[in-house]
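Each in structure tokens, the structures are laid out below.
Shared between the two complexes below is subunit A, which pairs with subunit B and subunit C, respectively.
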Partner chain A sequence: MNNNFLLLLPEFIVTGLAFVVLGLDLFLPERRKWVLPIVAVVGLVVALVVSLRYLWGVSDSLYDGVIRVDGYALFFKAFFIALGGVVVLVSVDFVRRNLEHPGEYYGILLFTVVAMMLLAASGELLTAYISLELLSFGLYVLVAYDRYNAKSNEGATKYILLGAFSSALLLFGISQVYGLLGTTRFDEISSALSSADALSPGLILGIALIIAGLGFKVAAVPFHMWAPDAYEGAPIPITAHLAVGSKAAAFALVLRLFAEAFMPIVEQWQILLIGLAVITMLLGNLVALAQRNLKRLLAYSSVGQVGYLLMGVAALAATGSGGIMLHLVAYAVTNMAAFLCLAAIYNITGRDDIAGMAGVARRAPLVGLVFAVSLFSLAGLPIFVGFTSKFYLFNAAAAQGLLWVAGIAIFSSLISLYYYLQVVRQLYIEPAEDAAPIPVPRLTLGVLGALFAGMVGLGVYPAPLMEAVQYASDALF
Partner chain B sequence: MIFIPLLGMIAVLLLPRESDELIKRVTLFFTLVPLAVAVALFISYDRSTAGTQYVVNVPWIQAFNIQYHIGIDGLSVTLLLLTALLGPICVIASWRNIEKGIKAYMALFLLLETGMLGFFVALDLFLFYVFFELTLLPMYFLIGIWGGPRREYAAIKFFLYTLFGSVLMLVAMIAVYLNSGALGARTSTEGNALNNLNFQIWVFLGFFIGFAVKVPIFPFHTWLPDAHVEAPTAISVILAGILLKMGTYGLVRINMSMFPQGLDFFCNGLALLGFINIVYGSFCALAQTDFKKLVAYSSIGHMGFVILGLSARNDSGITGAILQMFNHGVISAMLFLLVGVLYDRAHHREINGFGGLGTKMPVYTGITTLAFMASLGLPGLSGFVGEALSLLGAYDKFKMLTILSTIGIVIGAAYFLWTLQRVFLGTLNPKYEEIPEINGREILTLVPLGILTIVLGVWPNFAIDMFRESVTNLIDVLQAI
Partner chain C sequence: MIIQTIMFYVLAVGTVGAGVMVIASRNPVHSVLFLILAFFNSAGLFVMMGAEFLAMILIIVYVGAVAVLFLFVVMMLDINFAELRAGFLQYLPIGGVIGIILLAELVMVFASGAIEIEVPTNVASPTPPPDEVTNTQALGDVLYTRYAYLFQGAGFILLIAMVGAIVLTHRRRTDVRRQRIADQVARDPKAAVRLTDIEPGAEGTWKSD
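Presenting the complex of A and B:
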């Protein structure tokens, strides 16, 4: 076999890094454990540099197309490595205060990063499934990490049960497709579908099951029920990782799957996805209105955002995939900022409900500012990246003739503004019960500053990001 | 020039929180600079041509053909001057009123000014929308933090209402982009899909509702009284003086210039809505006992004249409407400042709670009388010219409506004179034996506005000259369909 394993160098680096972190944890005394996140971040930076340096412009595959290394995979690799790094940075303070065995935490986190990278690079269904399972298993453990917290255990149990169930659905769907088409490779599925005269019921069932299984993973309606409980129970950095990383990874798979494998039968699944998108965005935003816990509110708002992304998938075309990728990046930056602010506040006050945010802007000005900005960006207000990415996404959808769906999406944004404003109101307008200033570690402030610069900078000047997205989506088609 | 207040905001944010005086002075400086630039632009503007001048057109987001495209024409330069003028006036008005969080207040105010200045010069739809939204954020905080007792309710109502309108605008904007491939506000409407009547009707409606909330046009006006009553004085001034004009400016710039067929279809409805604004607004004002709410409703009434004039689509109608925009900005700024003066002293705004203040505050009474007279349309003062021209223009097209609209003028006189009587004339209310007279700082904010009111009353050409050519151009576009 003439496989060039050097193409997988980033994955090898991150996997090795995970083992190194796990191993170091065994040998380090308690007081030196702060080294672990530093090792993790440094390793991730190395992996990022290596992947950008050596894989730029490469378009190749391993094992005869099972693993793809192209612009699309590279974009997501870089994205996930960066995301993993940010999650590590978000976790530093949280883990130090609340969790035991930090080495295992960071190690498993790194494994999930590897899983995400492979998910974006997979060229056929079983590789995708295995990567997805690796990601899910890692997340199951991480969600349950706060062992002595009942909510964490409950959320994790729900997540594990539903996750296993959805993986079974997914596998069943994959086996159906394999049984009827004889292949699991995306490009071969595509040619089999375009040469098929009609879809057999079994094939429709298989594809529907795959959509259902993936729908669970991204928490689309009506597969979203696990999300609020899992988000509420998980430690805040892991909630962030769930909300951003696992969703983005699942969408990376969804994009490649639908753009390559299922494209020939687009008329069949487009209407299904449109329906899912509409109910997801409406339900997610409407139920969020009733929430009192900030983590649950952010969970439902994520469900709403998934609705917009699904609309983008339904409108998939050469221009459409760019919108989804741009929105994923914007969504990632914004949500990370929001969760980091929440973590910073929770670490000192122990409150994660909306009323607990009262007067925070006075007690921790930068945190309040970045939190408000991230919420406004999620609502889609201009000059922030949320608006730019939504504009791109809605335009792409409208260009495919789905202007009415874009209209519904825009109205959902309006609804979402109301509940985001409730939080902003607490931050800025309500007086604080306890006016003591909240000490925020400098690392957190630094990361917040960087994320803030990202939100505003990308909103005002998105050109570099858009070029990267264009490069990635070119590779997809 | 647009971004000078933004620089000011950054400067203010860097100053330490406690140095109130320094913050105020820095803010004042950063609002005076745009004023100087605006005056220079006003003077150097070439009045004999209709096109845009001082254009900057830089590609911004290539993927969508979005440009950073700004420039001024007759209409913009007038409103730009108004904005730049009200900036320092509001800063001076806030000098003593704001107790806490001066730094945040001034920073947000400067951000607001950036948004407003940018809005009036934007020539690309995307940029236009961005600046439009940019003004919402600071307003929410300015009303919500420094406002009156029901400020949170008023702030959220304002934000959601206006955002609802602008969301519709966004949908319309996407539709325009899809059909014409570009977002330049001066896109020619000939020879492409924008000419389709059906398309124009829907897109016109989308943009219209967005602007109608801002103006505000009945029935989208219910946010205005709450927002005005709860906002601090200087913010009310900006709200009435500038933000309302953003709605009407949008109507002219987009609905009329870009969608003339849509306008043709809707012009009767538009005139009717203008009429309702005038009469309904005036009647509501008559019923008010809160001074600020009275002025708020009178603003709704006056904007009705603008709408009526615009719906006439002829020379005097549109000229009157634009002139009324500028004049109302000046006059209502004066009115809100005056209400603020009284509120600062008495801490309430009940009209019936005052009486005979003329004996104790003669200067204040004089200035208030001037403002009231201008607002109700006394000839010789600027309010008359705008209203008269709008009515003259509208009479051409909508005789009955115009005649009925004059009821609004009569009611306007009624509530203003009645208020004058209740507050300033009659026996002195013993509570206000010791009420202090209007002081120098407050007079400083009012004098420039007063002078403008008188000057434009006797020499309206001073302003009309600026946009005469643009109006002619606009009418050509409207009649070309």
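Presenting the complex of A and C:
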């Protein structure tokens, strides 16, 4: 076995960066702690450049196929590194105002980025499990980070308990698959499944348990109970990280798992995923109508988005992973913008309920504009990236012959438009209780501008992104 | 052969007996000590089955860390176990029913012969034969080569758990006075001493701070 460890260079860099940040925190006096996020962002940029420079076009594996280095892994690697950088930038102002111990915050955040990168690269069930636990442990700590806030503690407690429960389900499913097929590697599972004449009930139970365990991690509807509380309690940048990063990482695993390992028995799991997708998008969007807190609203809206993504996974056999990956990127850019706006408003007003958004468009015109655009993009209105990606995703489902599922998806998109517009109404029409302008730091404005450009730019001209997605999903099939 | 059989029965009776004593003994410290005895006996059973690595792990991890932790918790926390134990018997009916169901299920599984005790034949990457390679060596062969990432990933998980536990529970104490030499040296009489005129006999004007 010959391992070319240079292929793991991006992971090494980000892990080393996490240790550098943790170590630097010990030696910096309190007033110099602002250096930490800068170090983190610079390191992430280096990791991004290195991974694009050295891993482009590489298709290889390490440790006997346990970790894969291919176009698919590279796509998600670059995506997660960029996402980590944005989360750090979103955190700078928020952490300075609201949280203690910035060093450990950024350190653990970087560890979760490593975990996400490895999750997309894992080519074996146990590797995926360990990466998922690494990600989850980091997120448990980060959700509880606002430790004097009772809601943060409540959310983190629920998240830990249900997370541990879902890990148990997942592990039990993995042990069933290993016990019956004798392997945990995706390609070997695939060949074992295609040569077996009849599926044993134990194997179906194992796959169902794996789907349930991963369903908890992506907060798909019967397993979504932790999400609203954890989202509401977590510090806002971490809510964004949970909503975007951890979800995208779990989907990166789901896509590879179903495309590479479980594809031979597609008829068995497709119906299960369709059922999950339909109830997830309906329930997520309907319950979102009743929310008063904006973080809870975005939580339920992201549950609805998971429904669309699961529909894409169910259509994996015919149309490939392109639509899902496109939607993940679109959803990441859009949601990041929404949460950054919320954080900017919360930093000054201390409000994160929908009524607290009244008149924000007059108090901070730019934030109001980007917020409204991000909500339109989440709803899937044209010229924004949310429209493009939803179009491809729904189109993929229709091409698979799941017309009625696509119909339900369009219907639940219409429901979501209603509650997004409620927020826009508060932003633009309702009078403000306090007309004083909200000061927004320059860094926040810069990041907001970049995300705005992303939402509109990718919506109008998605070709480069489509090419990258195509390159990545070619590695999968 | 006969010695092995005798050893098996000694260890098995020891395990079950110690297990019963864990829940039967009145003193919680004795319970934990019986738990340790049960661990040692089951480690002996593992060695007899040829799983010596599992036996060592059981002793090192469970006896060395977990049971000692239990012992510390039992000794340091002031929990009235007699009170916890009151009304213990009222759960006997439901507990008994669940126990009987579990026992019946186990008997049915083994009686039906539906499970093959032998490892399935369609194992894609079989384990090395136990007669040729000890299982410690078999684990060592793959743990640091093929599964090196899993090993290190588990290490990172522990690191995050440790850092997280400290950062979430650490607090700056305000009720202890630490010596801050720089502050003491920088004190000057103007800031440290305050003179106030107090009317003789007036009430409530003097405040200590």
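Basically, the second predicted complex is superposed on the first by the 474 of 477 C-alpha atoms of A that agree within 3 Å, B and C clash if a C-alpha of one lies under 4 Å from a C-alpha of the other, contacts with A are read in each partner's own complex, and residues count from 1 in each chain.
Heads up, the rule we're going with is that a residue touches a chain if its C-beta (ideal position, glycine included) is under 8 Å from a C-beta of that chain, and two chains touch if they have at least 3 such contacts.
On a predicted model such as this, the values are computed, not experimentally measured, just so you know.
After overlaying the two complexes on the shared chain, residue contacts for A:Val456 are found with neither subunit B nor subunit C.
After overlaying the two complexes on the shared chain, residue contacts for A:Leu28 are found with neither subunit B nor subunit C.
In the overlay built on the shared chain, the residue A:Ala208 is in contact with neither subunit B nor subunit C.
In the overlay built on the shared chain, the residue A:Ile279 is in contact with neither subunit B nor subunit C.
In the superposition on chain A, contact is made by A:Ala399 with subunit B only, not with subunit C.
Common to the subunit B-facing and subunit C-facing surfaces of subunit A is no residue whatsoever.
Against subunit B, the residues of subunit A that register as touching in their complex are 322, 376, 381-383, 387-388, 391-392, 394-395, 398-399, 403, 406-407, 410-411, 413-414, 417-418, 421, 425, 428-429, 462-463, 466, 470. Taken in their complex, subunit A has these residues touching subunit C: 1, 15, 22, 62-64, 66-67, 101, 104, 107-108, 111, 114, 118, 126-127, 130-131, 133-134, 137-138, 140-141, 144-145, 147, 179-183, 185, 188, 192. Across the complex, subunit A is touched by residues 61-64, 126, 129-130, 133-134, 136-137, 140-141, 144-145, 151-152, 156, 159-160, 163-164, 167, 170-171, 174-175, 177-178 of subunit B. Subunit C contributes residues 120, 122-126, 145-150, 153-154, 156-157, 160-161, 163-164, 167-168, 170 to its touches with subunit A in the complex.
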